[in-house]
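Note that the chains are named A, B and C in the order they appear, and that numbering of residues resets to 1 at the start of each chain.
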């Protein structure tokens, strides 16, 4: 099976689970990911734990939920689609008339066939989500509303995978696992991240260490930061928030707070060369965990790489963001961008020539010995690389200056190093 | 009476006075302004006083001036329009023929109905200004020319108002009072400045002190600087030169020498949001007191804010720059820009969040508790403000970064400070 | 005879000589230049001398070379055009069939009438260059190939002219003399440089010293740098590589490695004002001695000024780059740009006003005493110059800021200095 199909299949496997920011859905999700990454460690953070300005909430679990209409029909059923219940709904078992029910219903008039995704983590509520067309068809009368959920002391669960490299400096990957059955936002993120981690595990000569986390969004990143900040600030040289990375509509980059970190530079470089039509979003348009990673005092060098950005596609946060919205090609396209980013980070370093003036490439067999009208162009890239290896530029900057994809220079760097014409500065 | 009508009425009251860079016209003008600003102090600087490269000239006063034509008609009369006499004309009482007279006449062929405004402060001359059409109608013959003026040891007069604030740092406002009967250049300046000063006097909690001066242009600013420079350089954080601020044609900003002072930044920010079509002039196009305030070694942070710039309207420096050229709306539009600039300066400060990661706004009632598809946008501005309160940006910079008018953030800053989520850095 | 005709005539005189990177052609070229510049010193660097990563090669000389076709006709004759022989060809005297001959022939199918210019300095080869049409007409049969050349221990020859000035800081001019009979690339370079040097010799009050070299390209600049680097790095404040400066098609500038040296700034300033349509090339498009002068660790402030850039005209490196391709006007246009560059360098300095606020120009007779509507503009340039003489800008920067050609400020600077209103900072 191809890797791209495997990434898609992981999404399929994870899709039915009812995830939230806490609860068994998160645990089940991490168990499935562990099948691919046995070294993944799971952490359980108790309800009530303080995390900066926040507190880990009660754990939420749910087994059943439905509405029975005046005709006795089960019309809105959590078993059919877990988006039907407002996330973190408190339990309820009542019979109420339609007017009262309406105050607990959520639908989208502009997308009458879509079930919206609604949560209420920090205010106790109950509610149901349904297609607007279905809502309009509800007749007056008595409705039974039933939610068998629990909110109680428990844990917030997340997964962490540390891959040691030759250096203690780390590259950081973060993705989230707190949404119920939606595909691009969110399963594309953990699926692509899982396979990036597998690829890194296969790579024996990793220069950098890797910190890869699967967390609930917002509260999860805040909790993780509150428990790991000093180490993260010391070690992380670049990181990516991975989300909405499975559709085929576009490629996107969202900048860090000032857009000037190594992660930003690498992301823009890779996207510019591989997907020149990519969309560049400013930090003002953020809405994912970059909000925490790039907040004042945290200041981690983290950029977000996406296919079509959360909020920028109409299916976002509805039942229309399903397994048909993503695809093996869509996922693999995003995977490919991130793989290039990691490869570029691994190879990035400051380089310095060892000779004054241009080296004589000819005596080393690196230059055509017959000077013809076009021969200058043949070794142009090699000469340009050497020209900017002055000890002030990293390879990324040189690639930008000489306008070539960084990866087209890797072989040349190796050759010049083997001839002792370049050294790491 | 509305404030805008009051500003216009002050122009009307000041219009008939024959002002120059010295003399009783300046004193009379300051007396009228004192009716509005009793705390205004008047200074008299003696003729001969050195001011950097300059010397205070003799004081000029004039009572009467006219030409009597060969038919015995009084044809060019200072009583009709004080522009008829070249400023600083020496006294004369002669009968001369038309040819000799022509060498002392000034008119504008392209504006045949306009009386030009001409001065000769530092070279002794006499002359008359008249509409070109009138000049063309002069018949050969003997003309009596009479100017009853005096040039003698006296004083250069200016007004200064210091408004103390909580801080000793000052905001500086400068306007000039040395032109005879012209409205936009110049009465709009002192009239708007007078009402800005009145507004500041009404504001009890001024953060900054204010230094507001009414001076003759060029020699006045040079004299004032020569007597106050060390204090001004120590205290002034931003200032505005106020001129040509009463017509309705456009809004304009003229940069300081390098265009990079706080005054420049505030002026551009306010104009961009309130009058996006404003015209931005470089320092190369200067011709008012910014020439002195921004000169090398003086280097005060002063920008000029105008409606239509001096020299950019054909009525400039002619009798057509009259009370019809300005209007209550024109004046108030300029007043409003300057008022916003002062308000922004008063509220500008470096801010810092008190928490790591995003604060939990919900528990403070600052965030919608139900997460819907659009809820992120509701608090977007508040979150963006917090995101850039990292101790490196002042509020002006943050407003620029997050692309909102600074004043739309004032309430939010107050709320977040009251919740101890933001503090002054 | 006009100077422009003299420059052209020097090209005509130098044209027939068969130059290469070593040999008697270089010596003969320098002898002719010495007729104009008796102070030019010639240096001989022995074969085998190390120069950074390079070694001075054997000296190449040639007396005769031709091909005799099966009919006994001399068809490709070095006496007719020295481009017919591949530069640095080893001697040969054989009779071979057409097939074997073909492997030693060079022609350009797209330019069937042109003889290409081909060299093989560092790999021993022999070969002939000829028009493609001629090559196509060769019949099968036996051909005699004869090259009477020698490759042996000898010298690399170059010329150096040092013109002392008031200061020990130097301006550096470099041009090359290693191409056989081609006009734009290369004789335009040494011819224009020779007459620039003559002009400098006539100028008695040179502020800077001048280092002017006539070298073989690449190996010559590397050898020269290897023997003079410490002095050059200490003294040279700006320099120009002079090549392809004799045609009439365009004006061009090629930047130093980062495009930010004084030479770059001066070159862009002069070209912008004199030839606003000039073409600006990045360092990525380099192919001349800037490759050495701007290499890492060398880092000399050298830009290249050209008419039509090497490689950017189809006649380049062929027999079509002949005396018809250049012209007296073409050469003099390039000479004029460089002359302005040198004049601007000589006059460039940091200036400072001596007074606070604007000086009173009127009392010095520098300002119209009658203030009219347009009088501000009359002295605008003088006032703008003074405004930016704040001790932080050199005259070049001021000219850029106030948007005038630097040379239009020279007289004003002199006047203001004579009035002690400006001083050198």
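Going forward, a residue touches a chain if its C-beta (ideal position, glycine included) is under 8 Å from a C-beta of that chain, and two chains touch if they have at least 3 such contacts.
For reference, the UniProt names are A, B, C = Polysaccharide biosynthesis protein with aminopeptidase-like domain.
These numbers come from a predicted model, not from an experiment.
Chain contacts in this assembly form a complete graph, since each chain touches every other chain. Copies subunit A and subunit C of the same chain sequence form an interface built mainly from non-equivalent positions, shared numbers / all numbers used being under half.
Averaged C-alpha coordinates give centres for subunit A and subunit C that are 55 Å from one another. None of the residues of subunit A touches two or more other chains. Residues of subunit C touching subunit B in their complex: 352-353, 355-360, 362-363, 369-373, 376, 380, 383-384, 386-391, 401-403. Contacts from subunit A toward subunit B in the complex involve residues 51-54, 106, 108, 116-123, 125, 218, 221-222, 225-226, 229, 257, 283-284, 287, 291-292, 294-299, 311, 316-318.
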